[in-house]
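Same chain, two partners: chain A is paired with chain B first, then with chain C.
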Partner chain A sequence: MSSMPNFVLLRPETAADAVRLRAAHPDSRFVAGGTDLLPNMRRGLVRTPAVIELAAVRELDFIRRSGDELHIGAACTLAALAADPQVAAALPALSEAARAVAGPTHRASATLGGNLCLDTRCRYYNQSAFWREANQFCMKLDGDGCRVAPRSTRCHAAFSGDVAPALIALDARVDILGTGGVRTLPLAELYRDDGMAWLALGSEELLTAVRVPLTAGWQSAYAKARVRGAIDFPLSGVAVALRRDGEHLAILRIACTGVASRPCAIGGLDILVGRPLDAAAHDIIALAIKRDILAMDTTVAGMAYRRRATAVLAKRLVDRLWQEAG
Partner chain B sequence: MKSILSLTLNGRLREDVVPHNTLLLDYLRDGLQLTGTKRGCDGGECGACTVLVDGQPRLACSTLAHGVAGRHVETIEGMRRSGRLDRLQRAFHENLGTQCGFCTPGMVMAAEALLRSNPTPDRETIRSALAGNLCRCTGYVKILDAVEAAAREEASA
Partner chain C sequence: MHWHGEPHAVILLKLDFDAGITILTGASDIGQGSSTIVAQIVAEVLGVDYGRLRVIANDSAITPKDNGSYSSRVTFMVGNAAAQAAENLKALLVTAAARRLGIDDTELEWLGEAACPRSEPDRHVAFADIVEEALKGTGTITAKGVFTCPPEFQGGKQRGGAVGSTMGFSYAAQVVEVSVDEELGTVTVEKVWAALDCGFAINPMSVEGQVQGAVWMGMGQALSEETSYEANGLHQVANLLDYRVPTMAESPEIEVHIVESLDPNGPFGAKEASEGPLAGFLPALAAAIEDAVGRRPTTLPVTPERMYDLLHRKTRRPRAEPVRGDA
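Then we have the complex of A and B:
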């Protein structure tokens, strides 16, 4: 690993100050837990003259109930999120997703906001400068064209955060603080299907909190396939939220990660509402997943495996939640 | 650019002038010669550089030194008690939890964080707590045995 490049460290104590500093230093970067950004900086993947360190911004570290929603601050660590009894009881998919991120030491410092804003990953990008140069770099940094899809006009690096699909399946919204104030949008709208510009965030904006509805009767779960069960990014991750009404599906939401440049909500599932979870329903789910994901050659595991793994993980989770709700 | 870093290290308040881009690992090893904290993968994947920050395990290779300003940092050097091995260090020694020893400081610190929050963990809990710490020698069984032994000793003390 290369040495850390030089930068100026800025340490605001409030979110408003953090945003003001970001606006004053247009090429700066926010860092919270640093578990992804700092190694990327050392690999030369992120170059910045100023780092805005958010550890002292304590106002963003909270989990609290507000009416029919759970509000979670962006600085809440993944370990705290995974250990919170309210989250585990009401939003198990979120709890399971937080617990599935990396290893325990990463989770002790990695934050919710950091995981939601995680850089996209690709085996042609997350490498040393020497390695990338030997492959003539790629369009995500220093080069031209996409190495996994040479005829593509855009980058196919995969979004690999575990928490986003769980929150998307649970209909979460996010608060974004900018110099003009706070805006709130559905989490799914935070993302673009572009490995180079995957976040729809303004240059000075900071994700400050997540609002998750506490909807009665929803079952939810998250599962991922990875190379090493103890630590790795997802080859494919699937979150499912489901409500069963007797022998019929009342609600079904599925969202995936690791298989596109954004966490993707699987569409076309509303036609299953009011129907039983039978073989025909599973066929519809499998077709919808096949249509909406775009697993590319971005990881050590092949595309076909990850597409099949996504469908299998979804079927297992849907079956499990259906049984548990019965 | 440099500025003053104040923190409590192994129970003692310190103030040092530290460049902004210094990693906690470099501050400990190169700045203070506390070389017990190991540089393993150096990219946040192996756990050899695990230290405690306010009692929580932290990867020193992926943490800015200034990011722990005002916090309590503990390294393997702070584990000894009156010049003697701590119960975890002794348990690693007596249960053959160490072979080459390179991963041991990180293992001990991660296990220390676990035992402080859960003094009587079962084996699965220990496995989960040490999941981010890689060992290329022992195959982990002896390491798990050592942490179990330390927990038993603590429970019977």
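Then we have the complex of A and C:
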């Protein structure tokens, strides 16, 4: 890892100023905890003349209940999110996902907004400048073609944030502040299935908050496959939210991470509503996951293992939540 | 490196007017506690208070050369050199104490922080006064100790043999308890028992820590640490995120049993404390996995992916077949 390149540090105190600065410096980047951006800058993966630091923007650091929603500011640290009793009680998937990120020191500075906007990752991209040059680079930066899928015309780098699938399963929306004001969209719509352009964010836009519905009777959980119990990014991560109505499923939402260029909201689960969780239901879930995820060779661990692990984690979480709700 | 007869370890002791002793050693304390052991040995031989001792380690501008902290050689080799250096310094001090007391060296009783004539136990001279006597006409005193690994312990004439990598031949036994998640292939180490004949345990707490560290290092080799390469030769995991050293989350309870013996060549009978508990983890883990699932891994590390493949391999290997080759 090289030394930090030179850059201008801008330090706004309000979100509106942050967005104005971003618009005034088109090639700048926002930084909050810096756990993703700073290593990437030191590896030459991110080159920017100006960094807009959000630490002084206090208005983005909050967790508060508003009616039947929980509002969480983008600058809330993952440690604070993991330790919050309201989150743990009402939205366990979010709590578990925040706690599953990296190690304690990362979580102390990493933020919710940063984890949702995490750069996509690949074994051919997250390497030193020397390494990438020796490998003739790749389309995500400085080169042509995809090293993972040589015939591909798109980049397959994997989105590997833990928190996004939990929030997608919990049906969260995000507030995005631009120079023209705030827009709110479902979190799943923040992402695009493209390892090079995975965020549907305008160049001057800032993700400011997350709104999570507090729906009575929802059970939720998150689990990830990894080699070590800490630090590692997910080889596969699965979040499940469900509501059980007697012997029938009333709601089932599943989202996955680490197995595509965006966090995957698994589709086609609505047909299970009103049905019991039996073997046939599990078959439908497994098929839906297999259809929607696209684990590629982006990690040293093989893609076949990651696909199988995704199915195993989903089955376990669905079974567990179904039992707990019974 | 040592064919021409250079010793395998050298220690210098510097005694000055404040009656303090500076221990100069090239041995690197990488957390294993080698500076503590060297100080303990000097204090034990001289019988002086620890407050008189200061260790200055591995500053190549002022400390003697040392071969390094590897092969669990430091307690054995540097420890022997430290004991010899302390004996050499003690001989100078015994002479000075006898001179101060007006007696012959052979009549002196050395008490560590003082000395007296053997026949007159109440006529003490204090350590500070002994040092004052010793420094007359010479000032600061340096004493030296060396250790040379005898040729019969250097392992023959093969390339590298002269480095005398180890003389501490310890014996260790290890038991590993695992649980295996058969759907995800995850192997969890529940508990480890390690028993080690480390010779004489100069510092039992340090021995226990060394054994725990060795188990942990073996656990990394057995479960998660792996180097692999692209077809073009590029290292696939050339960073500490992808090269997976175990974390506290993987650390099991490790029960350490010290089985003491006396090694005729080691300092105070000590051997070493890390090689056996490291090497033993890998086969013990493989045996534990076989006991749990009926199949024995023969390729390490047993990552979840490799464990999954082992569990779902088509043909079932007979349980009695021994571990081969790469394990």
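One rule holds for everything that comes next: the second predicted complex is superposed on the first by the 326 of 326 C-alpha atoms of A that agree within 3 Å, B and C clash if a C-alpha of one lies under 4 Å from a C-alpha of the other, contacts with A are read in each partner's own complex, and residues count from 1 in each chain.
Quick note on the criterion: a contact is a pair of C-beta atoms (placed from the backbone, for glycine too) under 8 Å apart; a residue touches a chain by one contact, two chains touch by 3 or more.
Note that the structure is a prediction, hence the values are computed from the model and not measured.
Look at A:A301: by the touch rule set out above, it reaches chain C but stays clear of chain B.
Judged by the touch definition given at the top, the superposed model places A:A55 against chain B, while chain C stays out of reach.
Residue contacts after overlaying the shared chain place A:R123 against chain C, while chain B stays out of touching range.
When the two structures are aligned on the shared chain, A:V227 is found in touch with chain C, with no touch to chain B. Of the two partner chains placed around the shared chain by superposition, chain B is the only one that A:S109 touches, whereas chain C remains out of contact.
Within chain A, the residues touching chain B in one complex and chain C in the other are 1, 103, 230-231. Chain contact summary for the complex, chain A toward chain C: residues 1, 103, 123, 126-128, 131, 134-135, 225, 227-233, 235, 300-302, 305, 308-309, 312-313, 316.
Only residues 183-185, 223-224, 228, 230, 232, 234-239, 241-242, 244, 246-250, 303-305, 308 of chain C touch chain A when the two sit together in their complex. Residues 1, 4-9, 11, 31, 34-35, 38-39, 42, 51, 53, 55, 79, 102-106, 108-109, 230-231 of chain A touch chain B in their complex. On chain B, the positions that touch chain A within their shared complex are 1, 3, 19-23, 41-45, 47, 50, 53, 56-59, 61-64, 66-67, 69, 110, 113, 128-133.
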